[in-house]
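First subunit A sits with subunit B, and in the next complex the same chain sits with subunit C.
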Partner chain A sequence: MRSNSVGWLFLAPTLLILFIFGVVPFLYVLVIGFTQWNSFAANPDMQFAGVENFRRLVFDDQFLYSLWLTLKFAFFAVVSEIVLGYFLAQLFMRDFPGKGFFRTIHTLPLVIAPIAVGATWRLLTVPGLGPLPYYLNRWFGYDFNISRYIDQAFFTTVVMDVWHWTPLVTLTLLAALSSLPKEPFEQAQIDGANRFQIFWHITLPLLKPAILATVFIRMMDALRTVDEVWMLTGGGPGAATRYIGLHIWRVVFPKTDYGYGSAMSLITLYLTIVMCWMLYAGLVARRELKRVD
Partner chain B sequence: MAPVTITNVRKRYGSAEVIHGVSVNIEDGEFVILVGPSGCGKSTLLRMVAGLEEISSGDVRIGGKVVNDRPPKDRDIAMVFQNYALYPHMTVYDNMSFSLRLKRRPVSEIDSKVRHAASILDLEKLLDRYPRQLSGGQRQRVAMGRAIVRDPQVFLFDEPLSNLDAKLRVQMRAEIKELHQRLKTTTIYVTHDQIEAMTMADKIVVMHDGVVEQIGAPLELYDRPKNLFVAGFIGSPAMNFIEGQVSAVNGQPAMTTDDGVVLPVSVPRALLQTGQRLVYGIRPEHITLGEGGPAAHVSVIEPTGSETQVFMKLGSNPLVGVFRERIALHPGERLGIRLDPGKAHLFDKTSGQRLA
Partner chain C sequence: MYHFKSLAASTLTAMLLASTSPAFADFWTDAAKGMEGTTIRGISESTPPSNYAKDVLGPAFTKATGIKVEFEATSWDQMYDKAIKDMEANTGIYDFVYIEQDIIYSYLARNFLVDLTQALNENPSLKSPDFDPSKFTSFIDNFKNDKGDLFGVPMEAFIKVYLYRKDLFEDPKIKEAYKAKYGTDLAPAKDHKEYRQIAEFFTEWGKSNGEELWGTTVQAASGHPASVYELVESVFPTFGVYNWGIDTKTYGASVDNGGRLNSPEAKAAFAWWIDNLAYAPPEATSSTWDEVAATFAAGRAAQGLVYGENAAWIATDANKSTVVGKVGVALPPVEPGVMDEASSGAGYIGYYDGGAFGIPHSSKNKKAALLWLQYIGQEAVQADWALAGSRITHKATYDNPKVQEQDKKVDGYYTLMREKGPLFRGAPPFPFHNQVREAIAPFIYQAITGELKPDEALDKAAAAADAELKNLGYRK
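On to the complex of A and B.
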């Protein structure tokens, strides 16, 4: 028993910090989520409102639209990152001149702060100043204006996220690919599989745990993207790129609707957990199989 | 089933040549073993036959057709790897049926072939298991089952028994041999274990440093090794080698070791030159006990029950003798031995080649 209490003593500082900075804010948001608290309201004091905030959320078009946009953003970004990351990983599995150099610069986006990435892309794409709209117009006559066209704004945020995070996917998949045994692939060649069949029947199933884990990480990240997009488009034009993080920020800070914003955060957290749980279930199902021996 | 002809095959990695013009003829239905120490090029040669390694020059023919530029899938071969190379995410059944499913064979045909192969290898109860749920020997059998299901022209085995424990290895050795007798498919089998080679092969190809040292039936290699390498490689315990030079005793040719021990030889005098350096090879079982010959000094005795191995010194030369009888000996004891000149192998020291 003594050693047990000593163990808790050693854990105490971590637990205390975790409690103060993790559990307390969460409980605080949980409580606020059930209150009506808006410093601009007729009654600016915090008052208990039951599930009123959550009832309102279900019928809040702006919130639902933002949620839908976020899912769309996460889907396009994560799928592109996985596909592109896989091809880059395959490329880095081969030998070509300058490979070490390319592998190094290709990981550079990873070390850049999101706010700086947002700023860079804003400078690249801002109408009237950025080189991207200028040359697209000059060479192809294409009217690229992320302040006006909602699809362009949306896909620019996706491209920016892909640019920023594909290297992470490449690195994880590269690590997974290099750890795969060589023989099943040679065996598959002898068994008569062509390149696509080898990819489909051998590579993909063997990489599945790594791919799922990467999707898991990227999904959570994409769902809480704020700073990059805030810097690039500010959520516009209109609400075209106002992803859930930005939306919550708008409700809580400029609008000071603390109660409603907290409820939104809770719902978003819940949805993220559910989605990640579904992905995680895929991972765990694999582990269960492995555990049989 | 098909013959395999390897003609003057070379393998280069950049400027380094690792296989220097190897030619081997493998008859239809023959069981050929490529044997040699690690790094001799035997696995590379097998992988060239499989199509997993490019052939730098020379030809590989399967069934009379040059297959140099054909990918592995078009060579109609099946291969068993040292670590089995089972698909970890597929059940035994799926592993075995994979090649047939790729060929889009009818389900009923796939099923009957897989079950047939499973019954040959005693795998019927394991068809739903995953490779990780199998023991080494079972995995080995699945890998073989996967090859049998294909019904290929040629079986290729790359050190398939190296990962098994000694007992299982002996058992699988017999199973593979039996399987070959039953299916009569042309087989090329790579191993570094000369006992495997001796016990299983119709024909052994001994390789060393990228060249073929000798090709022949197991006992032919054992009885008449062409050179010192083959003589030393084939046989366990290995052949004893004693160095010396040509001399004559009573007008009969003999060899005098550097310690002055005279060993009579039965090689025509015309083949020998006075002063020529020789290596006298004698297999451990061809050393017999008895007076009248040279005297050795016992250093270690290893009784195995069925036989007794005696490590001794003849002058400064170490010798190993294997005796069927149980003999009471003690280290340091003097032992009278006889070396039968008719059973001895004589090699030229400089060229390493056999004399007569």
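On to the complex of A and C.
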């Protein structure tokens, strides 16, 4: 009993900080989500609006489009990062000349602030100034203009995200690969399994927890991406890269529609939790069910 | 004898100056007594006039008063974000904020700003003898309330003008080629048809001569409000669509609700502007006001609508501009009848932009900020500021020899502003500019990328503006 009290006492500062900086803002957003509050409205005071903001969301084409776009972005970015990260991790498992140097260079994007990543890519791609559009046009006659063509802008944001975050996936999978037991692989080789069979039946199942954790982290990051994209495209051209984080930012800050923006944030949080749960259920619970059978 | 009289007069003048100068300088020292060492913080957009205030006037004020000025010059959207958050939350980070002409109505509606007239009346010891609101141009009226009380001291005012490459327009070879092609003389465009023709000509000229030259700039950033502003404030009026196409009495935007945002004139204006992209450099769709100026300064466009605050450096600063001495200035092209409407006061032909510094109620150093605002509002500091930022807020600045000298180098920009300024107008007195802008912006952007046709985009924009105005409680 006494040790419990001491434990709570030690935990108290952390819990207090979590409560102040985590729970209180969340509750605040929750309350505002049920109000109509725009500081530049005819009536700038906060007024209770019931579920009106949530009802509006269902019919808001721009919000739904942003949501769809974010899911598309997260899918392309995370899948690319996992695949690329796995191959790079496999590469780093082997010895080759300059491995240490290459590994250091490859990890560098991770330490760059997202806003700086966005600025760098903007300088690379800005039409009329950036080297990428210049050389693509000069060498291949390709008109690369991310401020005009929506598909180019979308995939540039995906490539930027892959460039920035693949090293994280590589490091995670490298750590997981390094810790795998040797025995199952040796046994499979003795039994005459080919490389694909070893990958499919041994490596992949053993890596599953690490892959799952990485997918969770990257998916949550991708769903809330703001700063890099804001710097690179500002959400344009048109609405091509107006991902949900940017959309909420525009509603809450330039438009000062706090009530509606809070409702959007809550729905986005809810959807993120649901998606993570579904992913978890799909990848882990199914295995648990199989084990029970 | 003559020499003696002259010497005596000079001595007397010197003595008078010597006796009056300390008194003049002493006001700032006396008024700032007890405030030495105080630091006032302010935020503004990073523009040539703001940077002059930051780099030149701030240190000079510190030297005169002992009050330090921390000046944050940042991007336009960041500036508003930070200033509004600070004033709403009453945190008191900023002691003075930039108030653009169009946002003053929102700030006054929210009672964010200190009444400067009242503050000076309550603190006579802080009233500078060199600060006189009557010496300002009529632009200062934008920052007064119904009673005539002042809420901001203008620090910049300029018009968005039509800049063109004088060297190209006067090149005999080019003139000859133009006349051979179109049968008319090459001259600054008076209407939209001429403008398009010139744009087309120079784009082809650039291509055929292997030059990086296009016919026009377009401020068409496809994800930044700058494009919305160019459309509603600079292009619409030249087609006779005023006040953003919103009815100032009913606050309706669509034609069905009494507005003109999706009127045939607005649609013609938007289609003309979008079609100009074919004659603009590739950076046009990522160009805000800054990039448009940079494009023109880099010699990549033959003509364009450029914010006047950039005119001086484009025309005179060889370190930043490749077209020094080659810049012509004229009024924007307009549709028939629009100039008459503007002359009669029923309409206008373009945007009279500018801003002021005001003191938020949340400021913790109001008295020090009050002194700073008067310091930048002195007539004595205006001329050099006008040279650095092509902005004029005082009537007398136009007659200053330095400004007149510069006027010649900028092809009469200052004279144009003085004489034709009344043809331009600031934003309408709406307290909801940002909200309506954000509501219509997605459709403007989608028209720039070609996802929507201009007329479809304006129909959707007008419907969105109506819905937003209703939601905000303004629609009558």
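Annotations
We adopt the following convention: the second predicted complex is superposed on the first by the 273 of 293 C-alpha atoms of A that agree within 3 Å, B and C clash if a C-alpha of one lies under 4 Å from a C-alpha of the other, contacts with A are read in each partner's own complex, and residues count from 1 in each chain.
In this text, a residue touches a chain if its C-beta (ideal position, glycine included) is under 8 Å from a C-beta of that chain, and two chains touch if they have at least 3 such contacts.
Computed from a prediction, not measured in an experiment: that's the story for all the values here.
Three-chain overlay on subunit A, with subunit B and subunit C fitting side by side and no clash. Of the two partner chains placed around the shared chain by superposition, subunit B is the only one that A:Glu186 touches, whereas subunit C remains out of contact. By the touch criterion defined above, A:Ile82 lies against neither subunit B nor subunit C after alignment on the C-alpha atoms of chain A. Applying the stated contact rule after C-alpha superposition, one finds that A:Asn194 touches subunit B and leaves subunit C untouched. Looking at the shared chain after the overlay, A:Leu269 reaches neither subunit B nor subunit C.
After overlaying the two complexes on the shared chain, residue contacts for A:Leu71 are found with neither subunit B nor subunit C. Once the two structures are overlaid on chain A, subunit A sits at the apex of an angle of 150° toward subunit B and subunit C, using CA centres and rounding to a multiple of 10.
Of the two partner chains placed by superposition, A:Leu136 touches none, neither subunit B nor subunit C. In the superposition on chain A, A:Pro205 makes contact with subunit B only, not with subunit C.
Once the two complexes are overlaid on the shared chain, A:Phe40 sits against subunit C while remaining clear of subunit B. When the two structures are aligned on their common chain, the gap between the nearest CA atoms of subunit B and subunit C comes to 50 Å.
Subunit A residues in contact with subunit B (one complex) as well as with subunit C (other complex) do not exist.
Taken in their complex, subunit C has these residues touching subunit A: 77, 80-81, 84, 88, 106, 109-110, 221-225, 281-283, 285-286, 295, 300, 431-432, 434-435, 437-439, 442, 445-446, 448-449, 451, 471-474. On subunit A, the positions that touch subunit B within their shared complex are 181, 183-184, 186-194, 197, 201-202, 205-206, 208, 289-290, 292-293. Chain contact summary for the complex, subunit A toward subunit C: residues 38-44, 62, 126-129, 133, 145-150, 233-242, 250-251, 253-257. Chain contact summary for the complex, subunit B toward subunit A: residues 50-52, 71-73, 77-79, 81, 83-89, 98-99, 102-103, 130, 132-133, 146, 150.
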